[in-house]
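Before I ask anything, let me first share the structure, which is written out below as structure tokens.
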Amino acid sequence: MVENRPYRDFFAHAVLITGVLLVAFPLWVTFVASTLTFDQIVTVPMPLWPGDHFFENYKQVLTAGSEKGSSAPVGTMLVNSLIMALSIAIGKISISILSAFAIVYFRFPGRSFFFWSVFVTLMLPVEVRIIPTFKVAADLGILDSHVGLAMPLIASATATFLFRQFFMTIPDELAEAARIDGAGPIRFFIDVVLPLSKTHMAALFVILFIYGWNQYLWPLLITASESMYTVVIGIKRMIAGGDASNEWHLIMATAMLALMPPALVVVLMQKWFVKGLVETEK
Amino acid sequence: MAMEKRVVFKSAWLPYVLLLPQLTITALFFFWPAAQAVYFSFQLQDAFGMTSQFVWFQNYVDLFKDSHYVSSFKVTAFFSVMVATCGILISLMLATMADSVVRGALAYKTFLIWPYAVAPAIAGVLWAFIFAPSIGIVTYFLKQFGIDWNWIINSEQAMLLVVIASVWKQISYNFLFFLAGLQSIPKSLIEAAAIDGAGPFRRFWTIVFPLLSPTTFFLLVMNIIYSFFDTFGVIDATTQGGPGDATKILVYKVYYDGVKAADLGGSSAQSVILMAIVITLTVIQFRYIERRVQY
Amino acid sequence: MAEISLHGVTKTFGKTEVIHPTDVTIDDGEFVVMVGPSGCGKSTLLRMIAGLETTTSGEVRIAGKRVNEVEPKDRNIAMVFQNYALYPHMSVYDNMAYGLKIRKLAKDDIEKRVQRAAKILELGPYLQRKPRELSGGQRQRVAMGRAIVREPAAFLFDEPLSNLDAKLRVQMRLEIQKLHRELRTTSVYVTHDQVEAMTLANRMIVINAGVVEQIGAPLEVYDNPASLFVAGFIGSPSMNFMPGRRAGDGVDVGEGLVIPLPPEARAGAREQVTVGVRPEHFVAGAGGGGPVFRLHVDTVESLGADSLLHAGFNGTLLVVRIEGHSTPKAGTALDVSILPGKAYFFDTATGKRLSA
């Protein structure tokens, strides 16, 4: 520190603690609500200390869903979310690392065309091409399926760019040494590039897992049967009536279940998460 | 973009095989749908989707004559400016503080980044619950202060709600980038300014903030893109565009007109306009990065 | 083991010719150093021998066979890179064994070769470590070990010592010499450091701006530089150059001093002649015979055994090396003369040595 002024330090901590509390407040209320009964919640004001219906509420949603709204068990939804998040993360990483390798380590006719065609996809979020994409999925017969949930979201320019950027930092001499050692492109990819890319794959995985888990609009359109719902969609379907008639204790339990897996990934894999976030976007 | 490898492998077929998966998916789910959106935007379909005719720019003309669409533009502009400004200011404040404290920086970071993991739709549900008109805990507190809170019927309150939920989710993102930006400023620079006699505020405005301006600009663009598209979940889980059209941002209207109202032509024309906006934003972003790299 | 030869080899990037037609033959078992300033094309030449760079025209032969179209891995060469190019995720052992595994050598054969190289390079205790756990010198050795285990026809070294600190560089230089004495493998070594070139080479190739200026044994090049460039580049501190003008059978270098041209240099001498004298070829007083230079001592660097005087003469600053304990003070005047036969004459316009 440049100066040693205790009151400035105190001010900084005060601001940060306020920030942390404000940020955490909705989470706390959600958690508390998920441990109460319906009647406790609709008695204004609801208590701000957890009640004793934790196991009851969570067991109810995991196995049987809500009572008045959607009755699909949240357990199934979590599995669907997991399948979708994993397929998107693994799928994106795989196809991106292959195409980045091709673009960086080969010269071939059409190279810059391919490069730019991947690049342009940066500019087309799912949201703007939602209806025609839905039609494509319908024509391919992948509506209301796991394939349909994941596949259209697998193409990604950002992951390709990240890998390209990283490959550019691998010293040329390494590839030359490999060439002199007798390794062809595939061997070089498997023996050298893949092991060196481990940290980048881990960082991307965290970001893409969260991205996949949190998808909303696409699953909303493409899923029809309750057995295909992801948890983020499922919770929306539980909110049926007016605000006092919703089964908030169950909705909040579901919300906790929906946000815990990605939040845990962020907190537990913080190093990878920060690396992935800062590097994919810059 | 100019950087190239000196070393390359030679193969007539391998690069194409490696690119095939990505290209297939890109073509199927990006280019084809985008082209379709453009194509549909020139078509007029009858109510049952049985016949369609080519109408040139009629859909676009209709859109800009439609007061709902124009109002959606205004709503989006207001919404995105609010989300970007509030999000950036709050995060900059928190990041500056986190950068300045010696103890507990990592703990603060951990407690501030987790909302990134929350889906926008879930964020919407959380905030809708604590702000719920009849049972919400914050609604209750507001009532104690004499404020009557009901976002279901009050337009301004509905807007405020979606802004709060959207900013809340985005703070962690901005915070991390600001913190990284702050940490990359050499400490010697701050020390030199302190020796020159600049106090903390002066140092912040004359040294730290200018050096952060690339980060701030980057975040500004990213926050605008975020508020244009990713906030769909927030809105659908809370106000659903209401009351009236008060929170119906452009992307929500695309969805609403295309899916709920089944107006393919109009919705496609809106998609095309949105694409044009994203492309402009992305180009600005890249222009800027390029220029920065040159210096 | 093999002979390497270049026949009219050129390299063009776009429109610029970075290597002008070059003919060189490196004998079997010889240690040849290519030396020149950075960007002179020496690394490009080496990379063309390795097959990492294509030749624009001309022919590269290894062991008498044309290899222009042969892949690097099939040229039977091994290369040591400046940044070592060790595979960061592999152990020392695997780094050395990788090329052999690809070549599908038997496991015990690989083991034998790696152990032998490890013994020569004293890497035994480090075989299971990762490159990042090694010091710069140890990494350098692993890079050499990777070359040795291949038992190639030739070693190619691309500035292998540039990333080491000064002390380590001296030590590794000696080790490379020793290694070459033991293995007698044809070696081509690229460096910008003329000391490395002088100490390591059987023969050195001095390159400037894509042109081979001179090829010869180190002392031969030192004693008989073929051009201004070579004269200035080889030797430390550099040779002094004095611009001069032809005056009858001598060269007028100013202040009324005329240095006589040796008979064999007279024919080629035109109007502008540059006279070169190495710092160590001045003697105090008139002992050298010939004209006496009155120098104005500007700065003195005492190195112990000898001293370097930076002294002005007719507007140029000359460097003079004299014995270390009879050093004149800065600001005084000093008379020196040139040892007999140690003045070099160059055509100022072409840079070529006269009479050489």
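By letter and in written order, the chains are A, B and C; residue numbering begins at 1 in each of them.
As a convention for this text, contacts are C-beta pairs under 8 Å (C-beta built on N, C-alpha and C of every residue); 3 or more make two chains touch, one makes a residue touch a chain.
Please read all numbers here as calculations on a predicted model, not as lab measurements.
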item	value
Far-end chain from subunit B, centres as C-alpha averages	C
Chain pair that, of all pairs, has the most C-beta pairs in contact	A-B
Distance from subunit C to subunit A - Cα centre to Cα centre, in angstrom	57
Centroid spacing, where centroids are CA-atom means, of subunit B and subunit C in whole angstrom	59
Mean-CA-position distance for subunit B and subunit A (Å)	16
Where subunit A touches two or more other chains, by residue	176, 179
Set of subunit C residues in contact with two or more other chains	52
Per-residue multi-chain contacts in subunit B, two or more chains	7
Touching residues (chain side subunit A, partner subunit B) in the complex	1-3, 8-9, 11-13, 15-16, 19-20, 23-27, 29-30, 33, 41-42, 44-46, 48, 94-96, 98-99, 101-108, 111, 114, 117-118, 120-125, 127-133, 135-136, 140, 151-152, 154-155, 160, 167-168, 172, 175-176, 179, 184-186, 188, 210, 213-217, 220-221, 232, 235-236, 239, 243-244, 248, 251-252, 255, 258-259, 262-263, 265-267, 270, 273-274, 277-278, 281-282
Partner subunit A, residues of subunit C touching it in the complex	50, 52, 71-73, 77-79, 81-89, 98-99, 102-103, 146
Subunit A contact footprint on subunit B (complex, rising order)	3, 5-12, 14-16, 18-19, 21-23, 25-26, 28-34, 36-37, 40, 90, 93-94, 97-98, 100-102, 104, 108-123, 125-130, 132-137, 140-141, 152, 168, 171-173, 176-177, 180, 190-191, 194, 200, 203, 218, 222, 225, 229, 232-233, 236-237, 251, 254-255, 258-259, 264, 267-268, 271, 274-275, 278-279, 282
Interfacial residue positions of subunit A with respect to subunit C in the complex	171, 173-174, 176-183, 187, 191-192, 195-196
